[in-house]
Amino acid sequence: MPVAADAIRPRETGWRLSRTNRDALTGAALIAPTVLFFMLLLAYPLFQAFWISLHDINTLSLRGDYVGLANYVRLLESEQFWNALYVSSVWTVSSVVLQLALGVGIALALHGPLVGRSVARGMVLFPYLLTTAVAVLIWRWLLNDLYGIINYVLQEYELVDRPVAWLGRMPNALMTVVLIGTWKLFPFVVIAVLARLQTIPLHLYEAARIDGANALERFWDITLPQLKGVLALVLVLRTIWDFKEFDLIYLMTGGGPRRGTETLPLLVYQQSFPELQAGRGAAVAVVMLLIMLVFFAVYFRMQAADEERDRR
Amino acid sequence: MRWSARTASLLAYNVGVWAVILLLSFPLLWMVLTAFKPRTEALSFPPSFLPREWTLEHFRRVLNNTPFVAFFTNSVIVAVSTTAIVMLVAMFGAYSLARFRYPGRRLVGRMILFTYLLPSTVVLVPLYLIVVGLGLANSLAGLVVVYSTFALPFALWLLHAFVAAMPVDIEEAARVDGASRMGAFFDVVVPQALPGLISTALFTFILSWNEYLFSLVFINDTRSKTLPAGVTSLLLDSMNVEWNLLMAASVLITMPVLVFFAFLQKHLTRGFGAGAVKG
Amino acid sequence: MKRAAMTQREAIMDQHLTPSRTVRRRTLLAAAASAPVLATPFVVRAQTRVIQFWGTQRAPEQREAYDAIFAAFAQAHPGFTVNTDLITEETMLPRLSAGFAARTGPDLISHMPAPFVVQLNDQDLVEPMDDVVRAVGESDFNAPAMELFRDQQRGRYMAICVVNGTTPGTLWVRKDLLGDAGLQPPRTWDEMLNVARRTTRRGVFGTIYSSGKNSMGDTQFLQTVWQAGGTIVNPDLSVSFNSPQVIAALEYAKEMSSFSPPEAPNYQFLDVLNGFVLGRAATAPYTGRVLINVSRENPSIADKITCVPSPYRREGRPAFNSDFTALVIPKGGQQLEGAKLLAAWMMRRDSQIRFLHATPGHNLPDLKSVGQSEEYASHPLLQKYRAELQVMLSNTAQARNLLKETPQHPLNRKAGPIFGARVLSETVQDVVVGGISPRQAAARGADKIAAIMRG
């Protein structure tokens, strides 16, 4: 967690202790509702998931036997799991990188002197806003090999002689899914970054201009450092969300062809529902959680090291 | 007319950016155009881009012959309630995490984020059991509870990032002038963080507006359904898609929010904060 | 009646609170959640009892049909009303799980595929429907369907077949396109491949062999295996997937795919239907849904279409797959009596015909009396395509299911999990998309199926 500016410094030494305590209490009181929410509603599913993963349970009847770590062993021995892990990694890394790149670029563009800027900002939000089921439907229509406009145009201009199978072949399917995922989710980055850009004090730029800095230098020395906080956060959030993403990929390809787009969330769904093995599905979910934990432990350590360096 | 280098680059910039935006919005344009096409044109081959005939019948049918208005109302109720609750709790929480010192502060923030890492498939039944246990089965209130759960962690973190990015000086100045902690919060922090507040509120709103799986599972009555669940189960069949109706419904679902956001951008984020006129 | 329902519910709860080694249901419910659930009084309206009905057939005409049927039911049974919720097939599973867990599930579900019904029954989650069978008349149902839904162990019916049909079993053909190439509608695989080859040209595909990772892909290949003369499992329930017949089936699938649209491995029901209806395929397997969509979306080919039984391998046999979609009364509902009355009502001739006529040709009757009635055949679309209707009815009458591949097979309880794991369509995709040899793919598939059969 990025360290905030130091807590408000107490004014008088004599009052320090009780003031700090009162501050701490206020602070704790302010965070209390959040913690309450968290305890009631997030902790329970978490423990339920752990508990179920230790059993061989039928999803419909919720009945089954305790099997200890058998589900995990089975998981680690299955090719399907390692394939899903690989696909999840490719999907998450590509999506996040592309979303950040596209998002920051567009945010910067929308921060400048653009004609009809508000309309543009509204339009950019559209992919994120559209219901996933409808978005997938539209894209499947556009990419369809028989009546989709994309293949039609490609064939009309003789760029290909047969329709392209965007989703029916590998590696096409994974690439297409990554591109469409990027299209659907990048507005989140745009909005967050744009909001941050809007709070950068203008006098910083003016001072730099007076000092003779050009556009690129102003971007590098002022904009980028100011964006660091939000970018770091957006990276974390988008990674979590993209790693967990289910609807988009499931509706688009169902995990196919073969298992080419079967990510870990799809595997969880596959085992929990069509295969009715809630225990195995929960085991995959818990493994997903552990993977993310490791990722974030490393990430926060790196960030803490960064902050130490900055402070010195 | 003599074109200065500056005007030329401005023109290039505008054209370039708008080209990219139109390209990215191509499906939106297709969606809107299909909503106005007569039925037989929707799946025609060769595909037509502009409608050969323009018609309003699909909008009429969606509004008059389907429970669309009920779905819309339900979605508004759920989304607005969720946003209000989450913003309130998250604002205080974010301020607490950013400006106060107390033991376990870091841990709390991280724990909240970590529990967030379970895929929705696995939390579905446990959350349903909780909602039923609270007596909220088949109700919009149940959805508000669940959506608040999903939105809270990221709202908290996002707001925290915005609050933490603000210089402490102004707040301190206000405190020197005699304001209390909470007074400084409302008078100084909130106005400064406005773009952050707006975008966080927007994300929370969109999360509830768009949420599909839980709405489908938690609500049994057709009349109580929210937009994504209601519209898709109404107009999407495994063997038949009512294309024009679906596109008309989608236009009606997305346009109000887009327009509202554009409006907010134009009016609320103009020239506020520490002199960020550029925004 | 209310008291009887309460005791039954309590009995179910006792049944689920099994001791020691198996997981107590209670332990899965946090105290906070479970106590209120058990204490909450169930919604009982003083005047009317509401029957919760869930279904997956949600086309506008079908909704209207349901509304009409249920309104008539309410009128004939004062004190009962029906609350209808029509949802997608994918949502049905999570909905049911949540419903079973919290005791907020439906009273009656429609259009459940037979393998899934057996899975429900194995977990003891369905109510016996013998009363309904008796009310309708046991002999009126088609025998194969009744066989599948008979729980031999407990000596009762777990469900009844509401309507039927076969999706891969009927092959639609374009008379004009075949005629132009001087071809007759195919009856065997050789003829089919010839037709597909000769009618494929720029803009038109000879056929659509769906290899999607979904129910259509699975049942399409299952049927192909049968047509090749093979089975998935033997009558002793050992795996027979690694066999020359399956390899022949995979080779056929591979060749058929070469004449199909390139996206066929990603095709869902809708894509196959649209491909044929919009005139981009010379042949395609589908239900009678084709008739409706053609008349609505592409009337220009309305007089150029006909259908034939799906071609089979000369060394094999004619074979057709059907889902035997069923009406099921899940345990834990609150209106058991009402559910049975409603189920019986839906099987009445007028209800059946009303529903079947909503999508003529798509759903076919399972009840003999309905199938043979003048009234059923009197729909204009069915009148126009009289011959085609007969072909479809004949195909459906011969149809079988993975639950019981031949009359000699016992019930294969693992049919549901085999479909759930999508082994069949994955195997086809291994060959068509992955370029793996049919021999190797069959061996792989056999291993997966063996693992599922073992549990």
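Per-chain residue numbering starts at 1, and chain names A, B and C are given in the order in which the chains are listed.
Everything that follows uses one rule, which is that a residue touches a chain if its C-beta (ideal position, glycine included) is under 8 Å from a C-beta of that chain, and two chains touch if they have at least 3 such contacts.
Please read these numbers as outputs of a predicted model, since none were measured by experiment.
> By CA centroid distance, what chain is farthest from subunit B?
C
> Report which interface contains more C-beta contacts, comparing A-C against B-C.
Of the two interfaces, A-C and B-C, more C-beta pairs touch across A-C.
> Between subunit A and subunit B, tell me the centre distance in angstrom, where each centre is the average of that chain's C-alpha atoms.
Chain centroid spacing, subunit A to subunit B, equals 15 Å.
> If you average the Cα atoms of subunit A and of subunit C to get two centres, how far apart are those centres in Å?
Here subunit A and subunit C have centroids separated by 37 Å.
> How many angstrom lie between the centres of subunit B and subunit C, each centre taken as the mean Cα position?
Computed value for the inter-centroid distance: 38 Å.
> Would you pick out the residues of subunit B that each touch at least 2 other chains?
Expected reply: 43, 45, 121, 125, 130, 213, 232, 236, 241.
> By residue number and range, which residues of subunit C touch two or more other chains?
In subunit C, 30, 32-33, 94, 97, 101, 274, 278, 280 touch at least two other chains.
> Two or more other chains in contact with one residue: find those residues in subunit A.
44, 48, 62, 146-147, 273
> Quick check: in the complex, which residue numbers of subunit C touch subunit B?
Subunit C residues touching subunit B: 29-30, 32-37, 40, 52, 56, 58-60, 83-89, 91, 94-95, 97-98, 101-102, 104, 106, 268-270, 273-274, 278-280, 289, 293, 297, 362.
> Help me check something: in the complex, which residues belonging to subunit B touch subunit C?
Touch residues, subunit B against subunit C: 40, 43, 45, 121, 124-125, 128-130, 132-135, 137-138, 213, 216-218, 220-222, 232-234, 236-242.
> Which residues, counting only subunit B, touch subunit A once they are in their complex?
10, 13-14, 17-18, 20-21, 24-25, 27-28, 30-31, 43-47, 49, 89-90, 92-93, 95-103, 105-106, 108-123, 125-127, 130, 145-146, 148-149, 152-154, 156-158, 160-168, 171-172, 175, 181-182, 192-193, 195-196, 198-199, 202-203, 206, 209-210, 212-213, 227-228, 231-232, 236, 241, 246, 250, 253-254, 257-259, 261-263, 265-266, 269, 273-279
> Can you name the residues of subunit A that touch subunit B in the complex?
Per the stated touch rule, the residues are 1-2, 4-9, 20, 23-31, 33-35, 37-38, 40-46, 48-49, 62, 106, 109-135, 137-139, 142, 146-149, 152, 183, 188, 191-192, 194-203, 205, 226, 229-230, 232-233, 236-237, 240, 243-244, 246-247, 264-265, 268-269, 272-273, 281-282, 285, 288-289, 292-293, 296, 300.
> Could you list, by residue number, the parts of subunit A that touch subunit C in their complex?
Result: residues 44, 48, 51-52, 55, 57-66, 144-147, 162-170, 173, 253-259, 270, 273-276, 278 of subunit A touch subunit C.
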